[in-house]
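Same chain, two partners: chain A is paired with chain B first, then with chain C.
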Partner chain A sequence: MNAVGIFKELGIEYEEMKVKGNKDPRYRAKVDPEKLEDIILKFKNNGFRHFVALSCVDWIKEGNMELIYHLFSYDNLEDVFLSIYLPRDQPKYKSLRHLFPQIETYEREIHEMFGVEFEGNDRLGEFILEDWEDMPPMRKDFDTEKYAKEKYGSVPLVEEGGEKE
Partner chain B sequence: MTPENPNPLPSIIPEKDWKKIQRMLSKRSLWMVHFCTGCGAMEMPPTMTSRYDMERFGIIPMATPRQADLLLVTGYVAVKTLKRIVRVYEQMQDPKYVIAFGSCPINGGIYWDSYNTIKRLDKYIPVDMYIAGCMPRPEAIMDAFLKLMKDIDEGRADGWLRYKKYYEKYKANQRRVFKRWDE
Partner chain C sequence: MKEFELFVGPQHVGVTGNMMYHLWVDGDTVVKAETHVGYLHRGFEKLMERRSWLMNVALIPRICVPEPDVNEAVYAMAVESLMDWEIPERAKYIRAMVLELARLSAHLLAISGYAGTIGLYTIPQWLIGDRDYILDLFEQLTGARVYHIYIFPGGVRWDLPNGFLRKLEKVLNYLESRFKLYDDLLFQNKIFFDRAPDVGVIPKEKAIEWGVTGPNLRACGYAYDVRKVDPYAAYPDLDFEIPHYPKFGDFEVLGHGCDCYSRMVVRRLEMEQSIRILRQIIKKIPDGPHTLKLPNPLAWKVPAGYAYARVESSKGEYGYLVISDGGKMPYRVHVRGPSYTHGINVIEKIAPGLNIADFAQTAFSLDVCPPDIER
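So, the complex of A and B:
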């Protein structure tokens, strides 16, 4: 079954996306966080066996965090983006690593970079950053220039010169 | 700084001249530790292999830090990488030399406002030679090697002595960017 068929069967609104230079069909849909697991399962059982990526967008003006689950079908060469919106101040969602094991790694990264909590994933913790004490750095309200200037600009120079042999 | 030699050499060669001979010998056998950070490592294969052939100056890549005396920092230095660089540097035996490679270890380069890269390498470990550019071509690397050899010969490449002298200061700077050594 192709993506349009699945969307119609589930009764989800979708929009078709156009990318310059790529004619493969790609669809985007905003879904209810409660129903996402069943929808991904439905897609998985209908040829969308490749989980491409899980990404996160910080919509600071709207006060939302968008999680985008990106699926691909090798049978029909179709891309599907399923996005859910979480409240920005307390982003929390359940882990979906039982559907595709690679989701675990993406969840760890998003937890570290955006501060999204995934219930049921026990490996959230220090992942790429080391000794990080500030807020998650990919959030839009994190001022990276100010942080860099304060943290690295304040380190003093070690005295020049030194002993000669 | 250097302690008294318990077994002094026969007085045929004075200590000062002997040091000169040591420097002359060590500059012709620089072994470079095979530790590549960032994108500049891409310029090393042509420098090592037959096109530019750094071996004609006695410089060969070496797999372990304990047998090497030249450390190349070939690109941007993340906080995580700095921890490894310091470890590798401290494992190397004296005398040891550091070449910082490209714009990033000088002032951050295109990562000037990044939250996770250090901006000036010589705040954390002593640097004997900088190669500017993004990326420096193998000709620039060869030029830096020759200049470093000249510096060693004239006793100006004294980064390892500075690291000993200002050890506490370097350590304090390193502790400002990373907290733990256990991982």
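So, the complex of A and C:
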């Protein structure tokens, strides 16, 4: 079954993303976090066996964290992006690493960079950063300049490529 | 306590860059492996959120050193998707040409590194030398040898210099004449026959679910290539094959696929296909503009939306998810590098059971590029 068929069967509203350059259609849908696991399984059993990536977006104005689960089907040549939204102040979701093993790595990174908690993933901890004590650095409210000033006592001078204060 | 711990990297001939494999070893056999990354983390994704759409073009090639052009191409394609720009035909051909040259040079590096791990040190010397002829071409085309900053949203930055295609043809002839030597030294070498088949095997039925892409997936017998399954640039007009296990042409089929042997033979055959593609580009490249007429690039406002672009890099699927909120800078960019899966969950799963001496060749045969893991 193709992506549109699955969306219709599950009664999910979807939109088609703009594509230039590549040729395959890409569909994006907002789904209920409670139902996400079943929806991914449905897609997986219908040919979407390539889990491309898990991305996180910090929508600070809306107060949300968006997690985007991206699947691809080598049979139908279609991309599907399934988005869930979590509250930004205490983002928490369950680990889906049993569906595709690489989800574990993405969850480790998103936990470290955005502070999203994934229940059931026992490898959340130091991954890319080392001795990091500040807030997760990919969050939009993380101020890199303030951090550099506090941590290193200065920011680059204008003549060294820094910006004017 | 039977096991001891072994650290391969971050500075070690057995790793593919600045990363570390932490191995638990029982006698000569690896029982557990963990990948540690972070030595190259420069926060590209964060930096991109604070630079204009144009400034990012100069930043992103640095995400993957051996093959920087794929970054420029996917970023440009994603921005074009959001802007709804159709680029001129000539630009599509030039992009395909740059990407194939980049693939050739990256494969030369990958084969060099791999040969070193099984003790064949002449290969790295010769192949790195031959790669320089490709870098010379890039220098003539773009002014830079490694980071080219040439592919641009809307097309490419400038047209081909005079006589470039003639010089390209010469380099292709030279590289092709060298293949016989590479074969004598590595691909027809008894050491390669003895050591590579059936080593570092990815289970074929798991390969797609584990996120394996590129030559590593084709070595498992799947003829999947982004250039065919989600074509871009001028590839729909070009004729080429997808080398995959067990279609190895003149090369013997040793082992049962998904192993170091198949992965390297696939790369060797892909170089022939790249040359075939480049020769077609020399013949078929159309005249016309090399770029669209662009609005003032300092004030680009990219319409709000989501776009995903992907290309086939020498290591596998390389993609950018670009999100715009309608402003002068990207709201969020997520880089999907092929090494993210190969270098972490795949190697951690296939390492147990390997002999210590085979660990390095397995890691190199996956062609992991650590900067695209941690960005």
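The working rule: the second predicted complex is superposed on the first by the 152 of 165 C-alpha atoms of A that agree within 3 Å, B and C clash if a C-alpha of one lies under 4 Å from a C-alpha of the other, contacts with A are read in each partner's own complex, and residues count from 1 in each chain.
Heads up, the rule we're going with is that contacts are C-beta pairs under 8 Å (C-beta built on N, C-alpha and C of every residue); 3 or more make two chains touch, one makes a residue touch a chain.
What you see is a predicted model; the values in this text were computed from it and never measured.
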Query raised in the report: Between chain B (first) and chain C (second), which does A:K30 come into contact with in this model arrangement: first, second, both, or neither?
Result: neither
Requested in this report: In the three-chain superposition, say which chain, chain B or chain C, touches more residues of chain A.
Outcome: C
Report task. Please work out whether A:K42 is in contact with chain B alone, chain C alone, both, or neither, and reply first, second, both or neither. Result -> neither
Requested in this report: Go through the superposed model and pick first if A:K94 touches only chain B, second if only chain C, both, or neither.
Outcome: neither
Report task. Once the structures are superposed on A, label A:E130 by its partner contacts, choosing first (chain B), second (chain C), both or neither. Result -> both
Requested in this report: Would you sort A:A53 into first (chain B), second (chain C), both or neither based on which partner it touches?
Outcome: second
Query raised in the report: Is A:A148 touching the first partner chain B, the second partner chain C, both, or neither of them?
Result: first
Requested in this report: Check the residue A:I68 against both partner chains and state whether it touches chain B (first), chain C (second), both, or neither.
Outcome: second
Requested in this report: Once the two structures are superposed, pull the chain A residues common to the chain B and chain C interfaces.
Outcome: 128-130, 137, 144
Query raised in the report: What part of chain A is in contact with chain B in the complex they form?
Result: 128-131, 134, 137, 142, 144-145, 147-149, 151-159, 161-165
Query raised in the report: If you look only at chain A, which of its residues touch chain C in the complex?
Result: 17-24, 26, 28, 49-53, 55-58, 68, 70, 74, 77, 79, 81, 100-102, 104-106, 127-130, 137-138, 140, 144
**Report entry** Partner chain A, residues of chain C touching it in the complex
**Finding:** 37-38, 41, 43, 45-46, 49-50, 76-78, 80-82, 84-87, 208-211, 213, 222, 224, 229-233, 236, 305-310, 317, 319, 321, 323, 331-332, 334, 336, 340-341, 344-345, 349, 374
Query raised in the report: Of all residues in chain B, which touch chain A in the complex?
Result: 1, 19, 23, 79-80, 83, 108, 112-116, 118-120, 122-124, 126, 155, 158, 161-162, 165-166, 169-170, 173, 176-180, 183
